[in-house]
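By letter and in written order, the chains are A, B, C, D and E; residue numbering begins at 1 in each of them.
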């Protein structure tokens, strides 16, 4: 191959099935085919990647739509150029055998979260959909130990659980979860996993190639989930485990078939939601942080 | 009064980090009397004293001893008075500690530190520190008293006075005292032993006549002093 | 007066660094910007600082106490030392996220678990330094005590411990300096308040200046605690001459 | 032999704790279960351990060096002390998440940023202890040196520094004990390998036994580093009598 | 040879932590000669010596001095030889340090430590440590030498020999020596001064006849010794 263009992508979190398209594209040489030499870097802190991209320390970062909109409101020079999961994964989860049967049952109880910056907004909306407010519950930061906190009954529910992961995690630990999807309970739908780049230096040509490779990878892995899993599970250390295997099944259908797609309405609606919930003062113009590259 | 025990060393080996200080050493220190040890620097006087005090590995003291080391070993965080009462503090008997107060004060007054009861040791001169250590040793009130150059940092007059004090307070006790001053040995010692050689051997018992403390101007003592110095020189 | 000059100098250095390295504010905001946030959000910051400050002080107090007790225990008993010393060393290698669930299980989400976590970070320099100090007593003193028929307990408490106070002071200084991070780490365990929590949250929301304002307050707390500890530590060892300032 | 007995005893204690407190394995897995994972995943664990071990050793080496250099600098110059000492103290209050982007900005994603972070945690006990030691030189020695017309530099290097080596050893021991957590914290800065990385990942994904297997290996590394440092530290001060063991 | 300077103290105040040791003190020490200071324990001899050495706040030495303190101050991490060469090591002149080697060895041989060159100080007896400190002081080769009880831990014979050594090596230098032994002062001192009182005042100059080191058996000295002890007693 001739000179490959180096591309550095910061993941939002450790490699997991959410990153299937990236990993498969890399493994099947789809990036190479586009002339890209892609490096995937996993951080332990999901908040750092967007900043590092804004500071020019990587070409792309994976992040979440609410995060992007908050960062944009804070003036970070970021633009969304693509999407990997075009629907919320976030959910509110309780143990099935607990006293909590409906959201209203959370009144006076503890809900755990892992700091993402927007848990109050999401949870607040969900509680209000059931006639409660944030004041009716106690919020506890349990960090990444969502399932542990839930199973050890230290909290009655957790927000920020990914429907494709935490439920499986519970199941593996012989517990069953009751789940409330955020978009069904007062939270507008949003893109869970988006691809960000730096506004000033975003390279449309390269991004186009990247997105093309991702689209091709997604198409292939959706068509050949078993073969794709066999390949994916060999990508990194310790990927081949029960949780990832179960999550893989649940994740593949959620992956966005068209990574270049952009639903602007979704962003304006969600921006209004964030303003209403007091997380941002003012919605920044959509064009300042959204870019559709076809 | 309890009669003070004799001390005896039987076929002892004193070895420090491979350096043989004494080999197959046998030595008697009569009970209730003061024995002065003389010897060239480095011959092993301190080592012998530590052996008697049970401070060397594998040794145990013959009974409760008061040990005054070559260094004063005052604790810098305790006042002079508390340093003198240290033994009583350490043994932790509240009554004894309480009773030791007046005794310690009296001793400090006698060694000339009556006005420095509350001073910290760092504010004392070398000789004052030594006097405090002496008071501490005497305050222990033990039947066996081992002293390593107890008057080394004192001027001639203070030394003379404190020799008297020690002779008075230590009467009837078993005392082993290392000194570098032959005249001091002659003033205070019922018996005098000169250590010499490597490994050292103790010389014969020298026992000046008369009660201690003797008058240093006594011609017998002066004659003996010359003999001691001669033996030190040839033995060393 | 002088500390103020130093502080201003350091702030100037920070501003300069931001300038020279052309750091964007979302990576390292300049102090001028942090100052604005400090003023605007002072109520919030004060409230969180009170929380974290309380954790720091409690953690430090607990850490000093626990550290001193353990060091004395180790010096007193070879048995304890053999079993517990490796445990104490190993305790320093354990990241919060591994013990957080355990702590929460035992101590709940209240302040107790945070203080416990902070104390876990803080106590080690104290144990280590003091135990080191307890092992280095002048042998002359120990021999003197032996001839005085002192019990091991009396020797430990009346000779070895006072003699080791400079080492304890040294450990207490380190402990005071790590107390802030101890408290912040503690806030990883189910906190909903405190400067550490505020920092995490504002970083997640891209409010870097607010995060650094919180960090600034945390540093002030840390410095104040250090200076106070240093003063007290010196007073603990009045007999020891100290060179320099 | 004896360390082995201690280790087995501690493991037994751990098993007992799990039993008595009826801890579920996702909170604290019993050692028996961790042992199985240790065996099964030994290749993975060894690989990660090599990574973290390297970070620890580099971090410790850098921390000792930096710490010693700073302490000597502080002892040498009141000017440096005034400006840099507050900075050094404040540096201990800074959580990783606040500086991680900065570190990556300056040092990239490679090992450098992780080692730098680890060194930041490790160097402080060394500076603090050694500087403390350098301030406590026997005044008699300093006076002697003064009558010998020694330059301040010679006094520092030939008298104060050797006299402060016990304090340095004390600091080095603390540094060695916190080296593992330093390395783990370093792995927060964009790592894709290492025991800390493995631990965070497995904890977040419910694989608690694997996380504890990694933690176990980390503790072993920590203990080994501590014992090695302790040995070396003693050899550094051969003239000083140490009581106990 | 450089002529050694005289030392003079002019209207000096010596105050230690509020304790007034000397007030408005004026005192001369003749150049090239040895002055011995006597005085009761705690009178201020050490303080005066430290004043001369420029070790008290606000003082500076009259020139390069060699100072031997009451404690031996050997560095525990240096061998005996390196301790003796300490001054040269500290001044960091590689050539001087190199040249000091043979000198230090010779001095150590003369004080009887020729076989302990590589020993660490902790393995020496008290007297051996003092001899090492003496060798260190003499190795400095200074025109002004201040010594605080330099022979206090030595037995009579070693002391006598080292007095001779010191007298020989310090000939023509300005020496101020604190001692507790009147006879030692009489052997070595061109001039003798007795300090007494609080704050102390120096007594008149006592200058025995004859070259140093004098014969201690000289009747004049013995008579003077009695006088010194008498003055110490009344002055103290």
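One rule holds for everything that comes next: a contact is a pair of C-beta atoms (placed from the backbone, for glycine too) under 8 Å apart; a residue touches a chain by one contact, two chains touch by 3 or more.
All values reported here derive from a predicted model rather than from experimental measurement.
Asks: Name, by label, each chain that touches both members of the pair chain C and chain D.
Replies: A
Asks: If you tally contacts for every chain pair, which pair is highest?
Replies: Most contacting pair of chains: C-D.
Asks: Calculate how many whole Å lie between the centre of chain A and the centre of chain D, each centre taken as the average of the chain's C-alpha atoms.
Replies: Centres of chain A and chain D (C-alpha means) sit 35 Å apart.
Asks: Counting in whole Å, what is the centre-to-centre distance of chain D and chain E, each centre being its mean C-alpha position?
Replies: 49
Asks: So the centre of each chain is just the mean of its C-alpha atoms; given that, what is the distance between chain A and chain E in Å?
Replies: 83
Asks: Among the residues of chain E, which ones contact at least 2 other chains?
Replies: Only 71 qualify.
Asks: By residue number and range, which residues of chain C touch two or more other chains?
Replies: 23, 27, 97, 101, 105, 200, 203, 240
Asks: On chain A, where are the residues touching two or more other chains?
Replies: Correct list: 47, 51, 55, 144-145, 148, 152.
Asks: Which chains touch which?
Replies: The complete list of chain pairs in contact reads A-C, A-D, B-C, B-E, C-D, D-E.
Asks: Can you check the complex and tell me which residues of chain A touch chain C?
Replies: That would be residues 46-47, 50-51, 54-55, 67, 70-71, 73-76, 110, 112, 115-118, 138-145, 148-149, 152, 154, 279 of chain A.
Asks: So in the complex, the part of chain D that touches chain C is made up of which residues?
Replies: 2-3, 6-7, 9-10, 23, 26-28, 75, 78, 81-83, 86-87, 89-90, 92-95, 97-98, 101-102, 105, 124-125, 128-129, 132-137, 139, 142, 166-167, 169-170, 173-174, 177-178, 180-181, 184-185, 196, 199-200, 203, 211-212, 215, 218-219, 221-223, 226, 240-245
Asks: Under the touch definition given earlier, write down the residues of chain E that touch chain B in their complex.
Replies: On the chain E side, the touching residues are 16-17, 19, 38-42, 44-46, 70-71, 112, 123-128, 130-131, 149, 152-159, 180-182, 228-229, 232-233, 236.
Asks: Which residues, counting only chain D, touch chain E once they are in their complex?
Replies: Result: residues 138, 140-141, 143-151, 154-155, 158-159, 162-163, 165, 239-240 of chain D touch chain E.
Asks: If you look only at chain E, which of its residues touch chain D in the complex?
Replies: 50, 53-55, 61, 64-67, 69, 71, 73, 75-77, 86-87, 89-92, 120, 122, 140
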